Structures are given as structure tokens and as C-alpha cells.
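In what comes next, subunit A is part of two complexes: it sits with subunit B in the first one and with subunit C in the second one.
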Partner chain A sequence: MTSKTVKIDVLARVEGEGGLKVTIRDGLVRSAELNIFEPPRFFEAFLRGRHFDETPDIVARICGICPVAYQMSAVHALENIFDVSLSPQLRALRRLLYCGEWIESHVLHIYMLHAPDFLGYAGGVEMARDHGDLVRQGLQLKKVGNQILTLLGGREIHPINVRVGGFYRTPLKKELLTLKENLKWAREAALATVRWTGTLDFPDRERDYTFVALRHEDEYPFNEGRIVSNCGLDIAAGDYENHFEEKHVPQSTALHSRFRDSGAAYLVGPLARYSLNFDRLSVLAQEAALEAGLDRTCRNPYRSIVVRAVETLYAVDEALRIIENYQEPKSSFVPVEPRKGEGCAATEAPRGLLYHRYRLESDGAIAEAQIVPPTSQNQACIEEDLVEFIGGFLDLSDEALRHRCEQTVRNYDPCISCATHFLRLDIDRG
Partner chain B sequence: MRGDDAIGPLTLRALAKTCPPEIRLIEIEGEATQLLEAVTGATAAIIIDACRSGSPAGTIHRFDVVKSPIPVNLGAFSSHGFGLAAGLELARSLKQLPRICVVFAVEVIEFNPGAGLTPEVSFCFNELLAAVEGEFERLLLETAS
Partner chain C sequence: MTGRQIRPRLAVWKFASCDGCQLSLLDCEDEILGLAEAVEIAYFPEATRAEISGHYDISLVEGSITTAHDAVRIHEVRRRSTKLIVIGACATSGGIQALRNFSDVTEYARIVYARPEYIETLSTSTPIADHVRVDFELRGCPINKRQLVEMLGAFIAGRRPATPAHSVCVECKLKGVACVMVAHGAPCLGPVTHAGCGALCPSYNRGCYGCFGPKETPNAPALSARLSELGMDQRGLARLYSTFNANADAFRQESEKYDQQDGQD
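Up next, the complex of A and B:
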């Protein structure tokens, strides 16, 4: 029996600390384990006992690259307890804030983290030596996303302007219009990014994924929608825990999510969103996607770089639409009164579905919080990709195989720091 | 402010009182593209940041980035590992690193929101200020000549 173990102690170009172990026996990949050893961060425990209005600022600290997603899922879940609905303009501003986050997060991954895999560089810094203009274009495009976050969120990392019921301050129309020229440039740059990513050399690998994403009646999903799949699932966020469960696995400080009834893995994120919502993209984004060689459904995870580029183009296009239609709201927020209750919500973080649930005491203190980030939901799928795809690359040298394994993980843009909220504690008292 | 993590902004505020007009003080949040933009086109850059490398709190490290990258064990805590060190290396790759580029990294221990500087870091504050002002004088002399 021949055997080989591919061991990557520390994964590069992913957020947080994780490693990988792939075991091969007789030419077949027997197992693949994504080892997440980053210490758990206990955010759900931090939230207990805090007043609900502190939540947006606390959860923004979970991630430096997708703080808006955490803020959005949190405020929507809490607003469901208070039974408030926002004015159309406040809702549009939240959608605009999400556009900013998608742009800066996707562009960082496309240009600095994922492209080096396709162009043969150790990382973005090395790639910049030979592809300076390309990297500068990426950085400039990312900056446009950052500008939206700064204007609407108060600052570009860990925004501080989101509150339950709306915002602390809403922008003037003339302030939003200052973004317009840069966004027009960004639309061309994002279109160029779709075209360029479409020319990359992709391994010909596909899997029959179960995609899970939000679907809204007439929008590409950010803040709202039902949770749907390509296998017939169609539920409200309130039913999420009836259909999905988190489990602890020995190799990870982050929980794995699976379907509760079948135990099957599922995929969230750009591929799922795109495949379940192609018809909700703007015409420009749809045309660019097809022109770049994507079908209406994408099952090749290596092509996720193209899908992220399409979503970036959509986010820029949508931001322009929102700014052009914006009318200053009369009030920056809807007042809420603390009450006892439980509420949940799911929104679409750049990396996929992000579920939050909160239980409040009558004085507004948080009694319980649950946060299920996209990377937790994708872990099982990442391991299945490795088992299924890596067998076809076994003729590669060890170094090339190691690189292919890392690339397969990076297809997901995993955010390990986001995923390590929780450590299951088993006490054996004999 | 978040404890010792405020060493950069607090130093900037102290420098603002005596800073020569040729030198621009910029506070950035640690995002690499902001840093890249701030150093692009500058003759020289002096960067002040908090760090944790295992040295005692209050230790001041000085690095000449033009000569070599910041040591790996001083890599900042940064989302997607794309903070100060990566930003400077990206500037080097893009040939946008200033002719003179110095980083002062101060060892810190306290990050709690609302907390002030710890005694260890407070103790080194004047030394840091003097070191940065010394760099300013040297820079002005060099650029004048």
C-alpha cells in the first residue's frame, strides 16, 4: 500500500490561523481535515448581559473585513424582537453600506489573495512586482468600497454609525453624491476585473453542491430574503435552526454546520448566491458574467474569483443606483423600546449566509446570542472539495500539490477568525 | 482609545504642537491601502505603531524599512494579514516606498476600550517622542542638503 500525507501547518492568505491535513492511500484521497486551531473568541459569551444597543459595536469587532455583515445580521435580528420596520431610505442606506463591504472584501480577495494562485506567485506582494498596474487597479477599486464605509459607517474598519433602528447619522444627498464619480470609475474597473478573471486558467473541476443563500423577491440579496437552496429548501430565517445544526469536530475550534436531517454539507457564499439569484443581478452584471464564460449556475469553485468579480460589479452598479435615488430621511432611526423576546435574522456576508439569534430580557439585556458565520457553514464543504478534487492532482509534485490544496481552500475566502466563536466544553465528572 | 493601542495617535497629538510645517501628520486606521496612499509620493515616512513581539512592554523598536522588511514576529494583528508590514512590502513592490522609511514599534500589553496607557508604556512615551523628533531633525537636515 502506498501512502502520502500532505500537511500544511499554516494556511497562507486566509484570515486567521488554520492548517490542513490530507491523507492519501493507494492513489485515493481518504480524508481531508481543515484544522482550525485559532483560539476561540467567545463573542456569544461576551454579548450575554450587555445591553442590546451595544450589539452593533461589539459584533463589528468580530471581523475587520466584514464588520458590516455582523452589524446587519445583528440589527435585523434585534429589530425583529421590537417589531419595527425601517423607512425605505434607511433600508436603502443599509444596502449601500453592504455594497461598500462587498466591494472592499471581494476586491481584496480577488487581487491580493486569490489571483496569485492563478498567476503563480507566493502572494499579492510578490505579484505586485510584475503586475503593478493590475494591483494598483485592485487597490483603487477596493478604496471605493472603503469610501462608502467611511461615509456611511463613520470609519472604514469596524464602523460605528449603525444602531438598532437605523443609523446615528444619515448622510446628506450632497455627501453621497461625492461618491458618484469614483463609483463610475469603479464600474469600469469592476467590468475590467470580470473580463480579466474570466481569462484565468481554471482547473476543470465541478461538484454537485447543495447551494444555500438568501433569495429576495426582486433584489440580489444583501439584507433580506428567504433562505433557499437548489434542493427545494425555502424557509424564513426563523426556521434556520430547525434545518441546520452546528457540531463540534475534533480538528477545529470552529463548529461545522450541516443539514440537521441528512447530515449533509452545504455551500454558502458567492457561488451559491450567484447560482440561486442570477436573475436578480443587474443586466450589466448578467451580461458581464456570461461574456466572461460563466453559466447561470457555477459549480466550479475555482471560478469563484470570477463570481466575486461579477458581484463586485453588481455592488458598484447597485451603489450608484441607490445614490441616484436617495432622498434624505426625516429621521436617522426608528426609536425602539426594550422588551423581552427572541429574534433572528440572516443576511449575506461577502463569504455567505450569516445567521444571528438573540434572546433579550425585559430591560434589554442580552440573555443569549447565537452567531453562525459563513466559514463555519462551509468547513464541511471545503473538506469534501479536497477529498473529491485533490485525487485528480496526485501526479503533481509535493510542492505543487500542496499549493493546489491551499488554492482549493482559498476558493472559499475563509475567515477563520470569524468562525472561531465557540469552544464546546465537555466535562467528565466520572 | 483602547489602552496602549493608542500609542500612535497619542504620539501624533503630542507631536502636533511642535511639528515643523514641512512634515504632515496623518492618523490612519491600519488598513494597508490607506498606508500605501499615505506614503506614496512622500520623500520620507516615519511610522509609529503598537506591536507585540514578546519583548517587555514599553520597549521601543526602530526599523529602517528601506534596508529590510519588518521582522515577521512583529507582524501586526490584522484582518486578512494585510496590515502595516504587508502594506509597506506592497509599497516596496510597487516602487512607492519613500526614500527614507522608518517604523517605531512600541511593545504594548493593554487593549481594553476606554483604558489609558499602562505605566510601562507611559514610561517610554517621552523617549519615543524624543526619538521621533530626532528623526524629524535628521530628515529636515538631509532633505535640505
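Up next, the complex of A and C:
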């Protein structure tokens, strides 16, 4: 059978609600559409007229899985307006908070959302019946990430401790040290996770992606760096909108981010970060990656599960380093004075580059906000992957083909709730 | 554990939301596998592609009603559920999405979307209880996972969940946290906000911002008077009550008092 339509009404094991439609004619994949049927959410509009200091609390609510990413892009963008810079200790604490989010988000995806595709289960809970120790290891590793978020942010979801200029309360050294033993265990567990994911059976598929990620002069990127690509792009966050735009694609239900000049799709997230920043990983993470069979560049999106494991290992390693070097700051924040102006920033959410821009009035009220989440940026790439890869799987049964399509989307750990504040609603609900 | 056949069937449903409240279930790292033994997870698309159709003993509903389609779908969920439990501020009050209730949603669509004519949305975001009968409401933005485990345990055992409806103020006293409003003059919604977070914000040197919505019998006008004395202007008061539970009665009534006056300029 060479003509068929694969339709997946509710895409499982992704954050938010979306569906998928792949049309096959004469043995070729004609089109692939990722449909977003989450109700529209209006965050940029809600932000208008709010006071700037409410921003970290409001934007957190865009996503329950990566609220820290939204808080970080927001505070950096606003601090660029106020022209303040944080002490090294406060900066390190922000990095630590981001480590916590990367660990919990990546480990959730590796063990509970993505691994079931490779091992043939409907979900992580079902997988636990045959692989109890493995799933328990994943849950405990995820928990260590959440412990960082809880201690430093107040709670795992929608942390309350982030403010423009720093934190409401900074932890005591002895409080942070309570995380150390668990993090040491987590380093071993993360290493085991890299080794285990390296043994999974990956479809042999690669594409010549344009990777886009932050690059910092000496760190693996979380909060700071220039936006670079493997095709010569090297810009400050302030130039983001000059190089990228969101386009309406005919016959599609979503906005896609593309390069403004060429119209080409690009990829953000673990594959891009890793391939553009391999030399910035810790030695431990680099060695583990190479031992697990990765090269310094990874173009096989099915292997993103290994890259997430490598980034988890890095985040655990980095969290330990930060805790050991931590000195309690004199003040928990740098005071800021409202002023009229415009500022933007990009940080690395677990799923990739997250861009924010704000324009403020002189009294500190927000006049305009622009937010571009990673899943919006990856949409075009996800659809291109489907068109290019699925043609090679047409000999599979319908059910196996459906499953392969889902896995191809889940490679990106798409966060549809995030994207939806911004993506067009699918008006044809069927 | 005796016979699997008597396990209650659990379903998790999503409406307009950030996914955070259902993620709380997966954040119960120590309890989730045990929970999966105690109940049959029959529908939970964020966690599994397996789906058992039919009737569910317990449905957890996250999110608010913001589209015509969802306003119909929630009735279907109600019909198929013995106990319908709503989790989180979106489901209990309309959540942050209810900020649209105070504005013109077509203007919002124009701000956010390049092609607003494609946007199909209601002009309001409303709680689940405005549409169907609800058996229990768990508050919070997000919900507290300890309360989630307590509530599920209670429903499985057939008892009433222990989720006190007193204020965050009481939680501060129980925890021995110094009052941020008395000690530092920090604006705090603790006196009128429902308990559940464990006095989180005051423990981190900031005022409560009302994630859990109004407590039982709140006296918001008295709090507003005190906040005015501390120097908060009308616009500040309107904003303070209109965040993640803006559509909850006590908060809406209070914010509208100040918002209307603000609207004159």
C-alpha cells in the first residue's frame, strides 16, 4: 500500500495537546503537519500594562515544565533595560537553578516520555513493570533536579524566588550543601543513564540541520552567550529579530520560525547546543558522550535521548561545582530603578533557545512583550524530519508507522503548551 | 494489595493550562509507581499512549474553559466520571487566562497573533464548576503535590481530604515565619489567601501573591485599606488581586473596585 494518511489525534507523552497528520501518496510522504489544538493563550497581551517586577511570576505560567527558562529569559531581558549586572554569586545561583530545571525536564523526557518508544511500552509506568529498577533510577534522578528547584526556587513548578536583579532570598552555604550527597549519587546515575541510552536501538537517520544555540566564551550555555549557528551566524540576542521571523505557512495550522533571509528551517535544543558547544562540556560529560557512541556533532534526532543524558550529566556536574564554590552573597538582589526602554535576551530552555523582548514605560509598566519559545522554532524542523524520514518506514504496519511518527515528534520533547500562547489554533478540529 | 480488578480507574484531562498541575503527579517521584498500583491509570496522555475508554471512577481535570469546543467536551468528561476533581487555579477559578474576562479578547488576539481571524476562542476563561457539577476542588497555581497525594488517598479510601480552607496567615504562624507585612511592610495577600503552599513566599522574604485563591470568608476590603496605608496605589491594588485567581469572586470584586477608578484616566 503506497497511499495512506497517518492521523494521530492526540499525541501522547508530550507536554500539551497536539496531533499529527502525515499524507502519503505513491510511496512518498507528501506532507506532514503538526497540529496544535491547545486553546490559544494570550501571554504577551496579559503582560501589557503589568509592572515589570511581576514578569517572572507571570511568564512562569506559560509552562509548568520549564518555568525557570521563562523566568530567566525575562529577568535578563529586563535587566538589560536597567543596565544592571549581577554579582558572581547571584549569577552562579541562577545557573544552579537552571541546572535543576534541565535535570528534572531532561530526565522526565528520557525515562518517562522517550525511552518507552525504544523499549516498546505505552509509557513509563507500564515500562516500570518490566524495568522497575531503571524507572526508579530515573525518578530518583529527576527528584534531585526538583530538590535544587525546591531549595533555591521554593517549589518545583512556578518557583517563587526569582526577581529582577536576583532573588528574594539567597540560600545559606549549609543549605546548599544538603544537596551534595544526592548530587554525588545523581552524577553516577546520570553517567549510567548516558551509558544505557547509548545502547538503545536507533534508526539510522540523519539530516543536515542548521543548528542554532547560545555560545558562551567559556561555559556550556544556560543564561548568556551569543546566538550562533553551524552556518556562520554569530549575533547578539538584540539582533535575533533581524535574522529570524515567524511565518505563516499555507495549509499549515502553525506559525513557523525561519531564517528571515533564506526562509530555511533551523533546529534549537539539545542536538544544537551539544553540536555547537561540545568543547564547553565538562571533561566527564565529553568522555561519557564519546564512550556512548556520540560524535562531537549529532545529526540523528533519535539520538537526542543520549544527548539529553549527556546534558543531564553536565548539569549535575555543574551543580556540584557551583555548590562547592558558593559563597553567600551580601545582598540577595541588585536594586533596579524603572526606566523607559527596550531590552531582550535569549537563554537555553531545556528544549532550546527561548527569546524574550520587553518595552517598558518610564514608570516600569510593560508596553510590549514578545516571546518566542523553542517549540515554535522547531516546528518547521519537526515537519521536515517527518517528510524526510517516514518515507523509509512505509513497509511498517500501520500501528508501527504511527508509533514511528510519534517517536519522530517526541525526539524534540515538544512543549505544546509553551508554543500555544503564540501558535495559531487549529480551526478544523474534525 | 488485593485483586487488581477492584482498582479505581483514574483519568487525567487537560483544558486551557500550562500542564503544571498534571505534571505534579509525575513530580511525585516516590509515590507515582505505588499510585499506579493503587489505581488503574486509564487515561493520561501526558504520561502514556495507552488508553482505556469507557467510564472512570476518578477524573482529574486541569485547566479552564476558553473555547466553545471545550465547553462541550467538559460535559462529556462529567458524564464519563463518577468523581470529577478539578486541580489548580485554572480549573477552580479560570486561572491567569481569566485576565481576558476584564478586557476585549479580540484586541488580545490582535496583539498576539498575526492572523487573529483564525483564532477561535471564547471571550472568557471560566472554572469547570461554571459548566458542570464538581465533586472536589484542589486549589493552587500550581497545586501542592503533598495535597494531591493526600486527596487521591482520601478518594481511594472513601474519606474527605484534609485540605484546610484557612488562610496563608495561619500557615505562617504554624511555621513560625515572621509576618512580612508587619516586619517589613511588604504587601501580602496572606490574610485573604487559601492555605496549601505552606507559607512559601513569606518563607522566602516576600509577600504572598495569592496562588491558592481566596480563603473561606476573606475580608479583602480590610486588607486593601491596610495596603493603601502602606503606600500601595489603586493601580497596584487592582494588579495585586488580578493574577492567577483574578476571576475568583472575592478577588474579582476587589480588583474591579480599583480597576474602574484606574480606567478613568
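Note that in this section the second predicted complex is superposed on the first by the 413 of 430 C-alpha atoms of A that agree within 3 Å, B and C clash if a C-alpha of one lies under 4 Å from a C-alpha of the other, contacts with A are read in each partner's own complex, and residues count from 1 in each chain.
We adopt the following convention: a contact is a pair of C-beta atoms (placed from the backbone, for glycine too) under 8 Å apart; a residue touches a chain by one contact, two chains touch by 3 or more.
The structure presented is a predicted model; accordingly, all values stated were derived computationally and were not measured.
Look at subunit A after the overlay: subunit B and subunit C clash there. In the superposed model, A:65 makes contact with both subunit B and subunit C. Once the two complexes are overlaid on the shared chain, A:406 sits against subunit C while remaining clear of subunit B. Considering which of subunit B and subunit C touches more of subunit A, the answer is C. By the touch criterion defined above, A:214 reaches neither subunit B nor subunit C. Legend: residue contacts after superposition of the two complexes on their common chain; A:124 is shown touching both subunit B and subunit C.
Looking at the shared chain after the overlay, A:305 reaches neither subunit B nor subunit C. In the superposition on chain A, A:189 contacts neither subunit B nor subunit C.
When the two structures are aligned on the shared chain, A:344 is found in touch with neither subunit B nor subunit C. One listed stretch of subunit C collides with subunit B once both complexes sit on chain A; from 96-104, 114-122, 150-158 or 168-176, that stretch is 150-158. Residues 13, 15, 63-65, 108, 112-113, 124-126, 128, 132, 135-136, 139, 142-143, 146, 155-157, 417 of subunit A are contacted both by subunit B in one complex and by subunit C in the other. Residues of subunit A touching subunit B in their complex: 13, 15, 63-65, 108, 112-113, 124-126, 128-129, 132, 135-136, 139, 142-143, 146, 155-157, 417. Per the touch definition, subunit B reaches subunit A in the complex via residues 29-31, 33-34, 36-37, 78-82, 86, 89-90, 92-95.
Note for the complex: subunit C touches subunit A at residues 14-24, 26-27, 29-30, 32-33, 36, 41, 44-50, 66-67, 69-70, 95-97, 99-100, 103, 105, 107-109, 111-115, 118-121, 141-142, 145, 197, 200-201, 203-206, 209, 211, 236, 239, 243-244. Residue ranges of subunit A in contact with subunit C, taken from their complex: 10-17, 38-46, 48, 50-51, 54, 57-58, 61-65, 67, 104, 108, 112-113, 116, 122-126, 128, 132, 135-136, 139-140, 142-143, 146, 154-158, 160-161, 163, 168-169, 246, 248, 255, 332, 406, 417, 421-422, 424-425, 427, 429.
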